[in-house]
Amino acid sequence: MNKIAILTSGGDAPGMNAAIRAAVRKGIHEGLEVFGIYNGFQGLIEGKIEQLDAGSVGDIIQRGGTMLHSSRCPEFKTAEGQAEGLRQLRERGIEGLVVIGGDGSFRGAQALSELGFACVGVPGTIDNDIRGTDYTLGFDTALNTVIDAIDKIRDTATSHERTFIVEVMGRDAGDLALWAGVAGGAESILIPERPHDIKEIISRLRQGTGRGKKHSILIVAEGVMTGHALAGQLKEAADIETRVSVLGHIQRGGSPTGRDRVLASKFGARAVEVLIEGKTGVAVGMRNHAVIDYPLTEVFSRREGMEDGLYELSKELSI
Amino acid sequence: MNKIAILTSGGDAPGMNAAIRAAVRKGIHEGLEVFGIYNGFQGLIEGKIEQLDAGSVGDIIQRGGTMLHSSRCPEFKTAEGQAEGLRQLRERGIEGLVVIGGDGSFRGAQALSELGFACVGVPGTIDNDIRGTDYTLGFDTALNTVIDAIDKIRDTATSHERTFIVEVMGRDAGDLALWAGVAGGAESILIPERPHDIKEIISRLRQGTGRGKKHSILIVAEGVMTGHALAGQLKEAADIETRVSVLGHIQRGGSPTGRDRVLASKFGARAVEVLIEGKTGVAVGMRNHAVIDYPLTEVFSRREGMEDGLYELSKELSI
Amino acid sequence: MNKIAILTSGGDAPGMNAAIRAAVRKGIHEGLEVFGIYNGFQGLIEGKIEQLDAGSVGDIIQRGGTMLHSSRCPEFKTAEGQAEGLRQLRERGIEGLVVIGGDGSFRGAQALSELGFACVGVPGTIDNDIRGTDYTLGFDTALNTVIDAIDKIRDTATSHERTFIVEVMGRDAGDLALWAGVAGGAESILIPERPHDIKEIISRLRQGTGRGKKHSILIVAEGVMTGHALAGQLKEAADIETRVSVLGHIQRGGSPTGRDRVLASKFGARAVEVLIEGKTGVAVGMRNHAVIDYPLTEVFSRREGMEDGLYELSKELSI
Amino acid sequence: MNKIAILTSGGDAPGMNAAIRAAVRKGIHEGLEVFGIYNGFQGLIEGKIEQLDAGSVGDIIQRGGTMLHSSRCPEFKTAEGQAEGLRQLRERGIEGLVVIGGDGSFRGAQALSELGFACVGVPGTIDNDIRGTDYTLGFDTALNTVIDAIDKIRDTATSHERTFIVEVMGRDAGDLALWAGVAGGAESILIPERPHDIKEIISRLRQGTGRGKKHSILIVAEGVMTGHALAGQLKEAADIETRVSVLGHIQRGGSPTGRDRVLASKFGARAVEVLIEGKTGVAVGMRNHAVIDYPLTEVFSRREGMEDGLYELSKELSI
């Protein structure tokens, strides 16, 4: 292997730049030429490809977003799109590709891999919802962004003795809502992986008021329902007034935390090693505190449930 | 004057705790007994009043919200409510009252003042919309909260080459939107004090794209329209796709900035001096870099326009 | 078991409050009475012990430091001190003790355990240097504090094209320096676990300048030498001018990160379970992504080396 | 005037990039060609001058440091250096120069101005120590950096019931120490503009302990003495143990606050207007809440004392 390329795809996540930097420098350290593909698979098809040197990834480890930009690319789901992408890579003598993104992006990597091109995926999404790895880049930064918002909202909640609903990202995965809810001392946390009972939520709110709590904060993952929908249910079922805060896009941005920068560095470097070792159709990830690689096919099955007891603990601690 | 009391009223704002601390300690320094009234004018009517010593306001200068809690109190707009409030104060021998809040809260102070009770207002609201003072406590902290959100959103906007709309607080006053927009490098800023032209906004967006800008950010004060309404107009008029972020309640909270803590300290202390000097029906504030006091009646007139040219400058700088 | 107590000991670490909260509420959830001991083992000897209810640990999860205060207590190393501590506990009918702190604090727990009193340790120290657990509370927060400082210093380093030395905490353990150095993009990282070669450091600095780097940042753990000592060596050996920043005590404080809050919640709750299960002389911790418990005696042996390759990776990425 | 240039000089300060951006875009808006000079007056002598367009200052408003880099340049104090700088400017047809920096940098601007070249100074230094303006760029950001550090140190100070000394920047000016001390709730603040009395400091410390304060924080501006020197005096005079934190270079860096970004935008734009109006040898600044310009000669006289009573207030509030 002499030449490899890197792209970022799907929703951006803090730590993507750190992973790009690590892949570029690790590649150069191993004697490879490294290319950056701009705008994800769309840019691959369009040939937006440039060589990167060690200096071109300087001063980016601390930046949110992705310097290679990203996009969603329906065209790459077609055989024609994939063939054109392959042509662009082979034309330049590129022999391996690092794809940083979520599971949608991994499908593109898998497609190329099945066409005989060496591909490795790096999990980058704030949702922490990729099967096979304990961690996806961006989760830790998003977690701290959400907590910072909850801490601010608590000031007002306490001062006005009000109940707030905070809607956080997470269509299929409740990790962000659950961790943020535990860390923010939320009264109730609604996540897609667990059924919720509006009566129990109401009873917990009343219990809190009963023991003199000055405020209550409910966290709801967008995959369960919107914050406004929950507010409506509480109003209708028990005449409880709430305020709603929809955190939205601020959850994707910001300078990555130390953990995201370090794990991104490990993941990006490991991805290059994996290509050099001749593997393809694999993802890097973390399992049991160690960086590992495993077949991409493992990603495309239903997600495991949450088994670590944190949801149950959250109820015991928010009395 | 031997005994004074303090309350916070209306929406909470960062710096209120610092103002409470300053008023309490300045009062004690001047030999007064100082009382805290909990839950604003509602608590005044209900007699939720306790004496505060120097230690009871320790370790609060860095906290958002208000340790005295706040509320909106329609009852205090009635003569009966005011009479009951007055009774509660006189029963305890309290002779002066510091009211920290926005212009709604100042009306309560004015009412008591007209009934012969010494009252002074301290401007505390993130909107910076109180006539007669260049500054209201909380504005600087809210400004930095909004900027932090814009900086995060810009990461995603750049990575995906998208246009974002950020809706910020400000029903009648555009200061927060304007300052945040200038500080965040926004392409267009919509504020209640200035007419806006959807065609100009569109033309500026296209100009930016034309010169290679990777992202665009529009700021809209809630008093102009909602972020979603603006998104609808851009879609309809020019088929421009945007994403909307409604910052909401996070703008009220958070640890106050240095400026808010220092000005709150000055304002709180000056309010006590004003009472000792025998004044009533006045507000403290800042004009021309100095702490001043002026009649509350000045507050209840139409707000001045924005005359410092910052809005015009924002257009010149966002090319 | 009907009554348990909690204390914090040694240097404070962010997340201690979250662990206290979890232990108190888990205990109450399990039907126990829970007591807080103020000022660590010193306070235990002096009988500074008070019962805590669910509300007494409200609104602390986001606070740095420890609400139970801490101290170092030479007296508790003596048999007399331990006997008096034991007497204070038994006098109140307390049957189990949670000790939150570093390995020094764990020796106190071990001593009580050997005297027949049920004790469990919770690892709380920013140094991440406790044998047997992959994580100690406070490390993640301290990491982000150091990174924030490095990011600030880099602004000046770049603007003035200077070399900066940043001295971080870590007498025996280099984790904080290593992680912060990788996350901060440092040119060289000096840690106690690895020998350093001043000539290699100099050669790396010159290499960086050669390829056009505008600034260089060196990280040194205090256990290797002081920042000023390193500056002296670079000046003497190669006439290289540097600026030194000693981060000092800011590394211990601050609102805990999400990770520290969540792991503290898990650790604190698990510690109570461990006591209820009848175990003693154990510590809780994290291994392979799971919360575990293990004998305290494992803690008091020489620390494992660093085997995950991060130090080696740091050299490859800082080209 | 058709062509102008911009340089930054002396110690870097947050907001310099925002001022550069404003000057460049305001210049372009007014139909000028704008040049950037790299590395301050040193770069001017060496001819490191490049034209800047609107895009070249994109995405910098939020960055600390200065994209034009800075340096101290003894050579520019000589007639030869100044002549060479002048030659470089005239060779390119540049007719006006914006100098962003502290009073040392303003002397360079004044020298060129006396040689007949149009120069305007923009005050950029975290010390807030330039005569004639109420504000210098960077002060607000530095203030919040110091406060953030104090808030962290207080966690440990409280947990261990200790006294901390925090040494902050400020050789001749105590503004940063004073504002940070008031905002951080410091027990005593030592600044160059006021005499200090070690006995009074000791007595205040004892008073605080007497009324149950759990911690004490002393702030000392480096211009008074070092933190370690103060620690020595307290130890010797009263056997008081303290811990010292020297904040150092982190005070210069970081993303500028909203206030620094907005005022930098105003200052940078105004500087260009001043050149267009045909003025020279002036500085822009803020007085009484308005952006003004005034002769540079006013800067080079002894600084006014502090007359706003904040120092005296700090003593009354830290009881």
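Chains here go by letter, A, B, C and D, matching the order in which they are written, and residues are numbered from 1 within each.
What we mean here is this: a contact is a pair of C-beta atoms (placed from the backbone, for glycine too) under 8 Å apart; a residue touches a chain by one contact, two chains touch by 3 or more.
Just so it is clear, the model here is predicted, and its values are computed rather than measured.
Of all chains in the assembly, none touches chain A and also chain B.
Touching chain B and chain D at once is no chain at all.
Among the remaining chains, the Cα-based centre furthest from that of chain B is the centre of C.
Although chain A and chain C carry the same sequence, what matters here is overlap: shared residue numbers make up over half of all numbers found at their interface. One simple way to say how far apart two chains are is to compare their mean CA positions; for chain A and chain D this gives 40 Å. If each chain is reduced to the centroid of its CA atoms, chain A and chain C end up 28 Å from each other. Rounded to whole angstrom units, the spacing between the C-alpha centres of chain C and chain D is 35.
In chain C, the residues that touch at least two other chains are 151, 154, 158. All chain pairs that count as touching, in label order, are A-B, A-C, B-D, C-D.
Across the complex, chain C meets chain A through its residues 18, 21-22, 25-26, 28-29, 54-55, 58-59, 61-62, 134, 140, 143-144, 146-147, 151, 154, 158, 179-180, 182-185, 211-213, 255, 257-259, 261-262, 265-266, 269, 287-290, 308, 310, 313, 316-319.
In the complex of the two chains, the chain B residues touching chain A come out as 8, 11-12, 14, 16, 39, 63-66, 69-71, 145, 149, 151-156, 158-161, 164, 214, 243-250, 252-254.
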